[in-house]
Structure formats: structure tokens, C-alpha cells
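One chain, chain A, appears in both complexes that follow, with chain B as partner in the first and chain C in the second.
Let's turn to the complex of A and B:
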């Protein structure tokens, strides 16, 4: 099973990619943990998580071909 | 509607979905635009041109040279003047029938309730999280819809929040981002492509017009993102977030008691902050070293004697300071607060170290006011 990850703003800077695939990640909490372990700066960043274009507020099980988006808030005007 | 209005607004009034009814709704509408910067300029220009009846403009900033690449309502002749005043003057010439309400101040939780109450809908084009959460919480408490837009580098976000629908108010900013981040870059620090706020601000103005006239599908319960580098638009559904709702003050009294500046840790560091007035007093009494921690290319330059060491180099390159007092300065007072932490590690209690609250922006305002009184 493979999921696609899309990143925005500062999250893209931290993980140094705006899109990538991950294999065998069962849910959004696992995905966040995986990325935060690899990129510790991510822990200090707040970001919303969306699965298949829906913002999720709790842990959500991922399926094959799920698209996960990680969106930080922007403050600029 | 007056005879000339039919001519002025003809091209939108002949749209079947819009019509005379849509124009009438715009002429009756009162919109508050918070922030007259990159987003505020196009929002103000299009809402004025479209014939919104009353427009409030709130901003406490003056026009800097580094604003002009993106804040296209202003010209080189307008430097060092208040944005609100220049904007209102130009917009009146664009459409004399619009009534403007100018607030040359910062939106805070002390004035937000009074100001926002006077309008039907708010456009949030501010440049900091404190103001964004103040607008959200005040609009929720006052049951006003608002159109939120924000930018960073090449990307933007737009959404319509807290609009009353048959199933209750739509989601708000705290459903998407329950609490502010401890630190995020603003335009001064992150940079921004000049045309980006033009695009995002135009989308924001479009949503304001759709909400007022009731046409199309506004971005209710949805977030729109745009990336200028690859032209990608992305839309996401937002759902109610209990965690976020709990953080909204329960009533106006609780709202007035919240310290949004500290909450957003954007520009308030009470233990180390000093104002420009306090800096001037300090300089009368003792020798003070001013340390500018902005990058070497950042403007405007400080005219007084000062040292300049960018924050990122400060750790490895402690400054050779003989004065017993150091005042760190950056653009807005955020990076300089970081610098104070580093300097305190270097000097311990051997020196007094302060942060200039509001950074070079406050300093510019101080000089401008002094010049006006002279």
C-alpha cells in the first residue's frame, strides 16, 4: 500500500519536498510520527492534515492511493 | 440608485446572476478591510470599484519602499505616509460615492469589538497571527462572516469563515488551525513574490462580493490554496473541530481578557521589550550599542551608529561590544527577541540586553511622528 503526501509552505521547506510517496503507513498519526522523527523541526510547526481533500482532526486510517496534505497556516498579508 | 450608477456598474449589472439586485446589495454593504498591505490593496481597489457602500480601512503602518513591489495602490511619492490615509484618498478618487471609515491604529482585542460591530463582513488581510485570531474570535462572538486570506512566498490560502447558513454558522479559522503556531515567517522574513498578493487578494475580493450578493458558491467550509510556481489550486473540505472551538473566548469579557500578542508570541516579550521612547531615554543616560540583527540586504538602514550582525551568524560571531547596554533591533521585533536570548547566553548578567519592541517599523513611525510635530 502506498500513499501520496503533498506539503505546503513551511512544511515543504522542512521536509525539502512538495510531494512524495510513502509505503505502508497505516494511519495519519503514524505518518506524522514518521515525518517528525525524520524532520524534528516539524514538531515545532503547527499544520493541518487533510486526507483525500478533507481536513481531519483525529487519527484516520489510510488506504492505498490516499492523498495526504500537510498545510501550515500562513501569516503574511 | 443614481443614473450614473447604471453606467458605472453596467458591466457587472448586465450579468444575469448579478443584475440590479446584486448591485443594490453591494451599495448597501459595509465591509471592514483589516490590513492595507499586499492583500488589502487589491481587496480595497476591487471593492471600491464594484461599489460597496461603506468600507472601513484599519492599519497602523506607514508606506515603506520595500512595500511597493506588491502594494500597488501606493507610489514612490507616498513613502512614509500612513497607508490608511493614502489608500482612502486614492480610493475616493476611484469611486467618490463610497463612504470610507479610516482607523489608523492596530486591530487589538480592545478595539476589535467596537470596530467590527459597525460592519457586515470583514476581509482579513493582516500580516500576523495575533490579528488573525482576534478577527476570528471577534467575528464568531459578533456573528459576522469574514473572508480570510494569507500568503507566504509563492503560496496563498483563502476561505470564507463563520457565514450564517441554513445549518448554522459555517466553520471558522480555529476549526482549521485551532491555535497559533509559536513561530511562522511573515513577508518580511520569508519574502513574497510581488504578484502573489494581487492574485490572492483578488480571490479574496471575489469571495467578499459573492457573499454579499449571494451568487455562486463561496468558499464555505472549504479552504482554497494556490501555488504561483506551478499554478496549482487545491481545495479542501474543513469540518468542525471541537478542540479549536474550546479555545474561542466564551463571551466578550473573556475576549477582552485574552492576551493575543503573548498567545501568538508574535511581537510581545515583556521581560526584555523596550519601546523607541524608552530607548531614547536610555541613550540620554548611558552608552547604548544598537545591534541590528537583520540580514545585510534588508532595508531601511538605521541612521544612527550601530552594529549589524544577522541573527543566523550571531552565535558564531559574538559582537565586540564595549557598552554595558545592548538593544537588539530587527524588522518587527521577532528575530531581535531571539538575538536577546543568544546575547544573554554570551554575556550572562554582565550587560543589560533589550529588544526593541516592534523593530525598525516602530522606529520609523516614531521618527515620522516626531517630524510631523516639528
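Let's turn to the complex of A and C:
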């Protein structure tokens, strides 16, 4: 199974990509851990996680074609 | 899924003052309206550590924004007796002094227009996944932070 990851703002700067795919990531906690291991600066960054455009506050199981977005604090307007 | 396609709120670059004026003029046929309230967000040239903000470059998680905005729109219309509401937010680069947010509410009497306009502006800033990159005069940048009350 494959999930799409979208990143924005400071998170996109840190991972140096605005979208990429990841294979066989079971849930959002695993995904966060994987990225934080690879990009340690993420650990010091505040960001929310959205799965299929809904912000999730707990660990969520991912499915094939899930879209996971990493959202730093909003600053529109 | 929403049963209808959400309205697009985004425009590329700054909100042109002529567009704002045209939007006001378009309401002259809606004669049940007695009050308009308008909020305009303008890019401010903050000075941070000696560097001046010359522009803000906006990006958004577009699909999520439009769904969220549709939900906010429905809640606002349920709460206030509005005739109409229009929202336009910039994407891409907006220079200091230019307009990046245009919120326009109309109602029969002023209180609904004024209160709903303020509430929508606050909700846009707090809830829409939009990010502003503040570009300084030396080409460096920082990610803008909103003051959420």
C-alpha cells in the first residue's frame, strides 16, 4: 500500500519536498516517526496532521491512497 | 463529501481595489440589503531584526481550505441573517501595501453584517490551512505567525 504525503510551510522547507509517496506506512504515528528520524528538525517544529483533509489528534490507521498532510501553524489573512 | 462544489476563494496575487469596488457595485440590484461590512487585510511592512518585510508569499492546502471554508460558510449563514457573503484570499506574492484578504458580508441590518464579518475573518485566520512566507528586503524569509485570540 502507498500513501501520499503533502507538506506545507516550514515543514516543506525541512523535508525539502512538498509532496511524496511512502510505501507500507501503517499509521500516522509511524509516518511521523519515520520522517522525524530522517529530518530531526521536524521534532522541534509544531505541526498538525490531516488525513484526507481532516485534522487528526490521535494515531490513525492509514489505507492505500490515504493523503496525509503535515500542517504547520496557519498564517493566512 | 459536500453535495455541491465549494466556491473557490483564491485569487493569484493581490486583491485589486477595482475588484473590491466592482463587488460593491454589483450589490446595487439587491435592494433588500441595508448594510455591508467589509474587511480588507493589507500586507504590513513589519521590521524584524532590522529587516523589512517587502512581501508575503502565500501558499495553501487548497482542497482542504475550500472544504473548510464551505463548512464555515454554512455555519455563518445558519447563525446570522445574511443576504450574502463573499471571500477572496490571495495566493502567491503580495507586496507590502497590497490587499491579501477581502471579506464582504451583507444583510438587511448592520449588526449581522458587522458581527459575521468579524467572525469570518477570525475563523479564516485560525482555521484555514494557508501559510504566509514573509519576504525581507535582503531576500531572506521567515514563516509568518498569526496572533490567534
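Odds and ends about this structure:
The rule is simple: the second predicted complex is superposed on the first by the 73 of 77 C-alpha atoms of A that agree within 3 Å, B and C clash if a C-alpha of one lies under 4 Å from a C-alpha of the other, contacts with A are read in each partner's own complex, and residues count from 1 in each chain.
Just so we're on the same page, a contact is a pair of C-beta atoms (placed from the backbone, for glycine too) under 8 Å apart; a residue touches a chain by one contact, two chains touch by 3 or more.
Remember, predicted model here, so these are calculated numbers, not experimental data.
Shared-chain residue A:24: touches no atom of chain B or chain C.
Measured by the number of chain A residues touched, the leading partner among chain B and chain C is B.
By the touch criterion defined above, A:69 lies against chain B and chain C together after alignment on the C-alpha atoms of chain A. After overlaying the two complexes on the shared chain, residue contacts for A:46 are found with chain B alone; chain C is out of touch. Using the contact criterion defined above for the overlaid structures, shared-chain residue A:8 touches chain B and also reaches chain C. Chain A residues in contact with chain B (one complex) as well as with chain C (other complex) are 6, 8-10, 50, 53, 69, 71-77. Against chain A, the residues of chain B that register as touching in their complex are 35, 37-40, 124-129, 132, 149-153, 155-157, 175-177, 179-187, 190, 192, 197, 223, 225, 227, 234-239, 241-243. Within the complex formed with chain C, the chain A residues making contact are 6, 8-10, 50, 53, 69, 71-77.
Those residues of chain A that touch chain B in the shared complex are 6, 8-10, 44-46, 48, 50, 53-55, 57, 69, 71-77. The part of chain C that touches chain A in the complex is made up of residues 41, 58-61, 63-64, 67, 89, 100-101, 121, 124-133, 143-146.
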